[in-house]
Amino acid sequence: MSGPILVLNPNSNAEVTAGLDRALAPFRLGGGPEIECLTLAEGPFGVESRRDGDAVILPMLALLRSRPEAAAVVVACYSDPGVETLREQLAVPVFGIQEAGVLAALARADRFGVIALSEASIARHRRRLRGLGLLERWVGEEAAALSVAESAHAPATLEEAGRRLTARGAGALVLGCAGMAEARGPLEAALGVPVIEPTQAAVALALHAVLAP
Amino acid sequence: MSGPILVLNPNSNAEVTAGLDRALAPFRLGGGPEIECLTLAEGPFGVESRRDGDAVILPMLALLRSRPEAAAVVVACYSDPGVETLREQLAVPVFGIQEAGVLAALARADRFGVIALSEASIARHRRRLRGLGLLERWVGEEAAALSVAESAHAPATLEEAGRRLTARGAGALVLGCAGMAEARGPLEAALGVPVIEPTQAAVALALHAVLAP
Amino acid sequence: MSGPILVLNPNSNAEVTAGLDRALAPFRLGGGPEIECLTLAEGPFGVESRRDGDAVILPMLALLRSRPEAAAVVVACYSDPGVETLREQLAVPVFGIQEAGVLAALARADRFGVIALSEASIARHRRRLRGLGLLERWVGEEAAALSVAESAHAPATLEEAGRRLTARGAGALVLGCAGMAEARGPLEAALGVPVIEPTQAAVALALHAVLAP
Amino acid sequence: MSGPILVLNPNSNAEVTAGLDRALAPFRLGGGPEIECLTLAEGPFGVESRRDGDAVILPMLALLRSRPEAAAVVVACYSDPGVETLREQLAVPVFGIQEAGVLAALARADRFGVIALSEASIARHRRRLRGLGLLERWVGEEAAALSVAESAHAPATLEEAGRRLTARGAGALVLGCAGMAEARGPLEAALGVPVIEPTQAAVALALHAVLAP
Amino acid sequence: MSGPILVLNPNSNAEVTAGLDRALAPFRLGGGPEIECLTLAEGPFGVESRRDGDAVILPMLALLRSRPEAAAVVVACYSDPGVETLREQLAVPVFGIQEAGVLAALARADRFGVIALSEASIARHRRRLRGLGLLERWVGEEAAALSVAESAHAPATLEEAGRRLTARGAGALVLGCAGMAEARGPLEAALGVPVIEPTQAAVALALHAVLAP
Amino acid sequence: MSGPILVLNPNSNAEVTAGLDRALAPFRLGGGPEIECLTLAEGPFGVESRRDGDAVILPMLALLRSRPEAAAVVVACYSDPGVETLREQLAVPVFGIQEAGVLAALARADRFGVIALSEASIARHRRRLRGLGLLERWVGEEAAALSVAESAHAPATLEEAGRRLTARGAGALVLGCAGMAEARGPLEAALGVPVIEPTQAAVALALHAVLAP
């Protein structure tokens, strides 16, 4: 029997972790691996800068080294902090939610867009996509100008950001933050295109890695 | 309760379908969708040319229109025949195994390679990757010079093709044919890098699309 | 003496074929190959979807196999349906008008734009250009929101679409439909940049292939 | 009646001009434009450096200003010297043979290669292709290590260079010098892929520009 | 002791040269190379076309051949005329200010923009950037619609062009003309992002080449 | 009077710092800024993994916050650890030596190569170049299979790695480690192409940022 998929929220906001836990319920299937959501106690309340992202890498590594039974790891922060380092240091598959969310979107539409919480993160996300070599089919990223707390309730600004992206040619959208999971369904219904919740996407890819016989 | 994931082998070789069926067993989880493998009776014994790929599109569409209860569709041929057309014509998510296999590989390593059955398919696969905008992290494709029947048994030529790709920098490999599923595990063990069986990858992405609440 | 250049309109609208026939008159030169325009009886009245494009491939192949004396083939539909398959199956050079039109534009200006009949075709054309690796010098595609029938008469909306493209930096324009041939001259006069009628471009490239000694 | 297509050899080697004149004979068709080949008296005996290419630009411009009846201009040197400047300064369409040859190759195969006379020109040609944004489908350039004089006779080294390129995936070849015209047919016969003589390609594109009504 | 860095203004406007001389004063350091600014007497009053740029190449080469003691050369015109040819013909390092300015900007920000004097130069500059393979991190170029003389005084239109670029994501700006040096400091103060004067950037790179032991 | 340029060696090997200090002597010019080399006491003896690079970021930031008088900062490790984070957190210009070395090489040749100490770093460097959008003119990276200590003495393996890169088309080379400074001159003499010592390149770019008035 395989070990669990660990979904690690690198900030210390347990409400975000609880939201992820709810969003991942449908992926807990009979005979499949456990999916366990963790909060990084040492993390900041939110990862809002590159410095915040750098600061959580070694604590994440220490926490994950203490869980050698894990079958796969998901880093549940859209900045993908430490993903390459964890891959270098750990034997198990490691998934970042930005890269997983974008890969899942690429499987659903020719071109995709990203909905960010704030303008400030767009340049950082774009830079990550360039590093991944995945800008070719990206139509852009639009900010909804929300706090993480507000984002969970799918307010009108999320939908407006999504409409700007579909008008620019996006056939699928990625939610650019781990804390927007509850907005996924309503947004998809409102916009008529697939909306990817990136932690779900990462868990699906982790399931693939764990289940492949 | 959602409908099944239909995995459609567009050739008429029922042994290939049976092999896929076995390879997908681990993805049939309690509470998850059924995964049903189909053989396209009108298909050629193997899809070995663009013409073969074109010829199966309308029959696949007809078959899938007769199954409106499907929750998602996987086209289980590495040439991804008809994937864009099926997306245009059907309301459910449609996955091609080449694109899914490559996306799954991108989630596992910085650069990936593809093992082809034969030299003849390399140019066609490369062209598809260009169309997908996914050549940036591709190190190349190497042919094992096998028939589909031979490929299932992981002979030495598969392993040699894989070693040529890892020597060129591939950190993950994709099996470039739907009929190589049984070789996945042995190859991964022999080569020490993730080896992606592309129909499994497509089914994992289909699970994501079906399960996201 | 070489055989004819066959220009195959894959829809069944004989008026479009007749328009092409008139547009190609200047390319019928003394001592050069015949240029024969054909209508595909099995084709739809217009190719308006990927499915329509897929459906004409095998009938085109059958028709062309019945004309072994052909020296070259032009597929006169801007979606380039079946071009790669015909190249795979036939010994003669095969030209698609989208790729030919774009290549001719690249010989006339640093950057080019495309005038589409309708918004719906833009994403499909863009995807084709990505597959051809020819997006680098593309400024965009603008729709004139016309039916095929209306497009022949160079109405103001064509000119407006063209002006939006030159304002974005296009130094040459491609007409994104086989049915706009009569608009070419007036548009070029109005806009002051080369306007490429893509079937003419394809026939010029076919002449090159046939005449090279 | 339109004026002539002027094909300007920017070196002073009249034998090269005579070879072009013979190669273009099949493009002189009844009712079509005259095709007149010119030697640039002020040019060097061969254009073998960037400096040589720069030095011919103003003399070419002066010569062409003295021929206002021209309908189109072809610069028959594979370095494409002065092509952008002539386009800026003259009202008629101007074609460079490198860009025309490559565009014609792109209409014949998914990927192409170039046969150079000498190693020294490869980096220059590659840089030109990057400037044209046309490296995506280029498999490489191989040198035959010949003088211009030797190249006309299709020696074995040309064929060997071509075979190295087809082995790397080239489905069409471009002769990377204006002086290789006589080798085109024999090479095509020997190698089994289209071989493009670039001055012929440029004249075909010039015919298109002149004939489009 | 090394020879001087020669900064060659290829137009005959001595006021531009004098402005560069003042802008370079801070780079004249004790123990470092002399920095000598030269005006090309044969040059036009301004380089405003590709033809102008071509016309100065051989005179620049002649002038520089007469100064064999030079340790490095800077071509102080944003079109980078003759840079490749001078590199081919001279043994010393040669720097073009467009490429140097852009490289310096890339060292200061993830994405950069360029402020042009006039709309007319934007397409030429963009083409140069494509040739350099450096468009990936370029957000665009905006024209201030100034004459060279006006540009020295940092009028409001320069600042407005800069603001349009920072709004599009530019984290650093390059002045797209050798004559804007006096505007650099005020613009940087007004806009809050690094503003690169490209001749200064080229001299810094020349210092590197000369001083490396 | 401006503050110093701080050159921070993020490993704790003071010999590497001393080597940099010697290599930077020529850049200490009368009237220019001081150039002060620092060793990060908290750093590992060598930065040999992504984890090592992550671990030095916060200590570097703390050290640099204690030096508010600095005019510019150079991170003297070829992995560019923390460069983006330091830019985000500090008001002064920050330069990474990989990016600076590559930018300096781009100013010297059309295509460049990198000499790595070991195979293990090549994939990491390549990934950084993709993130910088600077792979277009990169011919490759070759490893000399040396320890840092050995690398200072320009052994034959460095020269051999360089020759493999020039044979592949590199017109300039970058030393892919901060500890190879003494090898620069001998390698350049042996290979006949510019060899860039990346800390020198970064200091030159820092001088530009500090001196621009």
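Order as written gives the chain letters A, B, C, D, E and F; numbering starts at 1 within each chain.
In the analysis below, a contact is a pair of C-beta atoms (placed from the backbone, for glycine too) under 8 Å apart; a residue touches a chain by one contact, two chains touch by 3 or more.
Owing to the predicted nature of the structure, the values given are computational and were not obtained by experimental measurement.
> Once the contact rule is applied, which chains count as partners of both subunit B and subunit F?
Where subunit B and subunit F share a partner, that partner set is A, D.
> Among B-F, B-D or E-F, whose interface repeats C-D's (more than half the contact pairs identical)?
Same contacts by residue number as C-D, out of B-F, B-D or E-F: E-F.
> Taking each chain's centre as the mean position of its Cα atoms, how many Å separate subunit A from subunit E?
43
> Which integer distance in Å separates the CA centroid of subunit A from that of subunit D?
Averaging C-alpha atoms per chain gives centres 52 Å apart.
> With centres defined as the mean C-alpha position, give me the subunit A-subunit F separation in Å.
Each chain reduced to its C-alpha mean, subunit A and subunit F end up 34 Å apart.
> What parts of subunit E, by residue number, touch at least two of the other chains?
127, 130, 133, 136
> So what shape is it, when you link every pair of chains that touch: line, ring, star, complete or other?
Topology of the interface graph: other, matching no listed pattern.
> Could you please write down every pair of chains that are in touch?
Every touching chain pair, ordered by label, is A-B, A-C, A-E, A-F, B-C, B-D, B-F, C-D, C-E, D-E, D-F, E-F.
> Could you pull out which subunit B residues touch subunit D in their complex?
Against subunit D, subunit B makes touches at 123, 127, 130.
> Going by the contact rule set out above, which residues of subunit B touch subunit F in the complex?
Touch residues, subunit B against subunit F: 110-111, 136, 169, 171.
> Residue numbers of subunit D touching subunit C in their complex, please.
On the subunit D side, the touching residues are 23, 25-27, 29-32, 93, 95, 99-100, 103-104, 106-108, 132-134, 136-137, 184-185, 194, 196-197, 200-201, 204-205, 207-209, 211-213.
> Under the touch definition given earlier, write down the residues of subunit B that touch subunit C in their complex.
49-51, 54-55, 57-58, 61, 82, 84-85, 88-89, 127, 130-131, 133
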